[in-house]
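Look at the two complexes coming up: chain A is in both, with chain B in one and chain C in the other.
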Partner chain A sequence: MSSFYFVILGTKDNPLYEAEFGTFKQGGDGVSRFREEQRHMNQFIAHASLDIVEEIQWNNQSMYLKVVDKFYGVLVSCFLTAGNIKFLLLHEVKSEDAIRNFFTDVYDLYTKTLMNPFYSVNQTITSPIFDQRVKQVAKKYL
Partner chain B sequence: MSSGFHQPDRPRSANHPSFPQPPSSSSSNHHPYLRSSTFRANSSVTSLPNLLTRQSTLSGTLTANYPVDSEHTSTLLQHAFVPHIAVHASDDTNELARDKGFEDFKELLRPYGETVTGKINIRDSQGHGQTYDDFGIRITGMWDLLDDGITTSNNGPSLRPGGGLTATGKIPTGGGNLDDLERLMAYHVDRAEETKGVMINGEDSSGQSMYRLFLRRMLSRMPVSPHETFTHPVACIIAISSRNPHPIEALRKLYDSGNQVPIPLYVSRDYLRYYVLVHDDDRDDFETSSRLFDQMKKHFGLHCHLLRLRSTQTIVSDDGAVVVPQCRWISAAEELQMIKHDDDLTPPKCLYDTDAVALKTLVREMVLQSIIPFMERCVSTWNDQVASKRRGISGKFFSLSRRYLGTSSSSSRSSSSSYDSYTSSYPPHTPEATMRKLADYAFMLRDFKLAHSTYDVLRSDYQSDKAWKYHAASQEMTALTSILLSNAQPLHHQTSSSSKQFKPASLEPLLDVACYSYLSRCRDRFAFTRCILLTVELLRTNANYVDAAAQYACRALDIATITLPPVLTAFVTERVADCYAVRASPVYSSTSLIKSRRRKMAMWKVLAAEKWADMGKRWRVREVLEGVDAVYGSVEWEGLRRFIESLRDGWEGEAGDDGSETVRQGTIRASDVVQTEEKEELGVKKHVRKKSSLGPLELLDFGGSELDLPLAGEGSDSFIQS
Partner chain C sequence: MSFDAPLPPYSTTPSAAHLSSTLYDLLLIELPPLCTSLSPDPSDLEAVYHRLSSIGHRVGLGLSEKFSRDRPRMVDTLEVIKFVCKELWGICWGKMVDGLKTNHRGTYVVTDNRFKVFERMSTERGVGVVDQAQYLWFPCGIIRGALANLGIEATVHAETTEMPIAVFKIETVQAKPPPL
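Presenting the complex of A and B:
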């Protein structure tokens, strides 16, 4: 059962939003199955993959950078927004299209958050509605 | 396949490499016939820009802005794979060495063999001379060949059993044993824990230098094995002393007994014989020795040497006494034994100044006048007579026809192949074994181009014979030589888009097969580890290949559970971080900007710290984490920081007993504090965990976060109960 770790990183490598969820496909219940030691590693893996993101973002036209990095069994997919905010998704199975759709929808949600006058760039996203919607998107595609 | 075909420029010599023959026993015993040598020392004086200087200037320009011990890594292989010289000394010579306080004559000579003083000129297969000033040899005993030898059995080579005694009834001291390495490195780590990184006897206990030590120990006294000939003797020193009443007779006997030493069958006995007469300056008359030496010279030609030594033992306080240098290339087992017997009471071994100079001169003259010319001659002869047939168009036809014959019928297959699958080795005189020897000699003479092309040809031969270990070894060396060649190329060649440009990706198939063969087919953990770690070291010297280097190091870790013991695993993990540290800051090359890898470096440092923390090595944790704050200190990511704090907590808990340590921590603290309340909050949590007194604020925090989980647990429990 594959699990996902999703993080939105600000321009200063600071996390704006973090979430863990499992797959809903193949009878999954949407609960992540990360082991405890894997859990903190996820953050380090995501952070370290920024090195690679920064390198390939200049050679790539699209916002969806696909799988940028891998660490043993964990793949890191990246989506770069126009404002240099990075969406990183750690996953175990390769499925480019589903992740593309997921990122596009989350980008939509993020843009809406950005339009909130009480929200400024690089601020942590604490809205439960946002959280709920991201999980819904995850349920839809992952 | 034949891309690097080098026909030597020098005239084709019809001479085989010739070896001084034994004094035949049929000839008169009083005047034995000692065949004079046909060798002439040919020392070329051509001075092309030498490979090494080019390499160092290259790495100088490229690696100017980040710390690499490139000088070490680029020459590591060249210092590790050097000709081995066996020593076969008469009893009276060993006795003389014992009088001087050494175990035997070999031990007396060994420290001086490691570096040959002065410059050495070596001709490559094209006839160009190159000068090196860091050439060395290894001195081994004749019987060590037997002890270090891998016994071959039907089921492929098996390593010698760990605790058992060797064939000669000694405790095994050879290298090539990962468990010994593990024990040694664990000892060094523990000692660094005790001394808290304070330098003792000038030994640096930082992670990098410990890793360097590990690499050197790994490459010392590698086992004598059929699939590579680096450890096979190139020459044998036959030594007698002036104490011997019948010197010529003794030489003849030594020659015979040297031939009868049951060295493994796959080791060729066609090595050079070098005769040494040790003159005892304190006891014997120099006139007699000199006369004897003239007689020897008449018979053996250049391959003899008169060594004048004083036989009395020397102590430090004596006039003109010098301390014998420590052997740098000793195996892990040997160092462990030294540590076991190490008490400060044993004074360092000393020699008279004149003796040390005499030993150095012996080594230098032997290498310069006998060994190098001998190896050059071997390389050119084998290149002409064996290798050239296999390269070029006819060689391709030959291997093709062989391959098709091989598949058509099994009987013709076995007849065409000279591979002995029973002992899983090639007999030393078969073309395959000779070519491997040619390639190894070329490698040791630092003619990497010839070595590379020869290894490349060999690969396909071994594969069709299903000689897996040979195949893996040739794959490994093909990969290593191709990196060495690319590192030696000037920078503008690397960036130009020539078709022959080296790419780390081209190593992939080579190393994949090599690793698979080593691990699965041959079950040789040591060979696998060596192969991977050497690749990592070589790739690491070039900033462009850092990613590939780290990737290979990860591969070693990937299967670490079956290959590497825990301490070595932690060291290799640290090494991955070191690989990325090469690119800790961005590199500006002519074509593009290469981004930094500092976050990757930091992550691997944390991983290594975690491994050390699991083993309770707090000093290592601290040292590894020192470089991390620069990266994570400025990141406002609580999860990352909290984990690093928890690693650090492990050693901070016990740091209080040492005043100096707390001071040190204070400096670390001060340096990385950029943070605000978040940091304080973490500090508070730490105090809670350490069960110190609780202030009101701490209590609040305690209730807020730390007790969250237990409460929830209780709640669910009661829920279930109700």
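Presenting the complex of A and C:
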């Protein structure tokens, strides 16, 4: 059973949104199955990969940076917007296309959130609708 | 009633909607007088400037995020300014700027010879340069917001020497994008 940990980080490396889910493919029920001791490591792993993201972003022209880091069997993929907002996904299986589609759809959701006049950049995203939509996207692609 | 067809690729997104450009022009024209009447002291131009600039800033933030998707990353200030001058100008006012000059030390001068906001305005001879300036504050805010979202802190001043020409002077605080 593979699980995913998704986090959106703002321009000051502050977390704006995080979510955990398990795969919906092959009969997975969508509940994440990270081992207990690994769950709290997810945040550290994501944070540690930020250095690498910042290094390679200047060499790479596209928004989707694919797998940027690897930590004991956990892969970190990144998607970087022009406003320097980072979407990080921790996963165990490598599936570039599915993850790219997932990131693109979440980026659409994020842009819509930005269009909300009551939401400013670097603010945490607390809308339950956003949460629900992200989970739907995850269900569709992951 | 004028109607400009939306340029591709903006017309192909699912959320694109056709909008009468006359209504858009009227909205922009009404914005400064509205802000003047909203502020408690209508003769306090600083407050009106601040309000218009903040509104423009918010709009610029959103526009730059939305329309920078799938573009190759802009690695230096000049590329960001070019994005603002070509794509953002095209989105807001349907055309690109007519001139861009830089002193290579952080100052950029953007010239638009037929600025859309001024195209259909007429002025009495010798009256109200101040009034015209008000219509430039909102576009200044848009530029400032777009630059801020793309990582560049800048101040933007605008002036108009004769009608429909508008000149924007962008002064960036640092010559390179700030460290992340």
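Everything that follows uses one rule, which is that the second predicted complex is superposed on the first by the 142 of 142 C-alpha atoms of A that agree within 3 Å, B and C clash if a C-alpha of one lies under 4 Å from a C-alpha of the other, contacts with A are read in each partner's own complex, and residues count from 1 in each chain.
Methods note: a residue touches a chain if its C-beta (ideal position, glycine included) is under 8 Å from a C-beta of that chain, and two chains touch if they have at least 3 such contacts.
If you're wondering where the values come from, they're calculated on a predicted model, not measured in any experiment.
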Task: Simultaneous placement of chain C and chain B on chain A, clash or fit - done: fit
TODO: Please work out whether A:His40 is in contact with chain B alone, chain C alone, both, or neither, and reply first, second, both or neither.
DONE: first
TODO: Please indicate which partner A:Glu96 is in contact with in the superposed arrangement: first for chain B, second for chain C, both, or neither.
DONE: neither
Task: Superposed arrangement, angle subtended at the Cα centre of chain A by chain B and chain C, nearest 10 degrees - done: 120
- [ ] State whether A:Ala48 touches chain B only (first), chain C only (second), both chains, or neither.
- [x] first
- [ ] Scan A:Gly83 for contacts with chain B and chain C and give back first, second, both or neither.
- [x] second
TODO: Considering only touches as defined above, state whether A:Leu114 meets chain B (first), chain C (second), both or neither.
DONE: second
Open item on the list: With the superposition applied, I'd like the minimum CA-CA separation between chain B and chain C in Å.
Closed with: 10
Open item on the list: Under the contact rule defined above, give the chain A residues that sit at the interface with chain B and also at the interface with chain C.
Closed with: 54
TODO: Write out the stretch or stretches of chain C touching chain A in their complex.
DONE: 58, 61-62, 64-66, 68-75, 149-151, 180
- [ ] Going by the contact rule at the top, pick out the chain A residues touching chain C in the complex.
- [x] 11, 54, 57-58, 60-63, 80-84, 107, 111, 114-115, 117, 120-121
Open item on the list: Looking at the complex, which residues from chain A come into contact with chain B?
Closed with: 12-15, 18, 40, 43-45, 47-51, 54-55, 72
Task: Contacting residues of chain B [partner chain A, same complex] - done: 554, 558, 594-600, 602-603, 606-607, 634-637, 639-640, 643
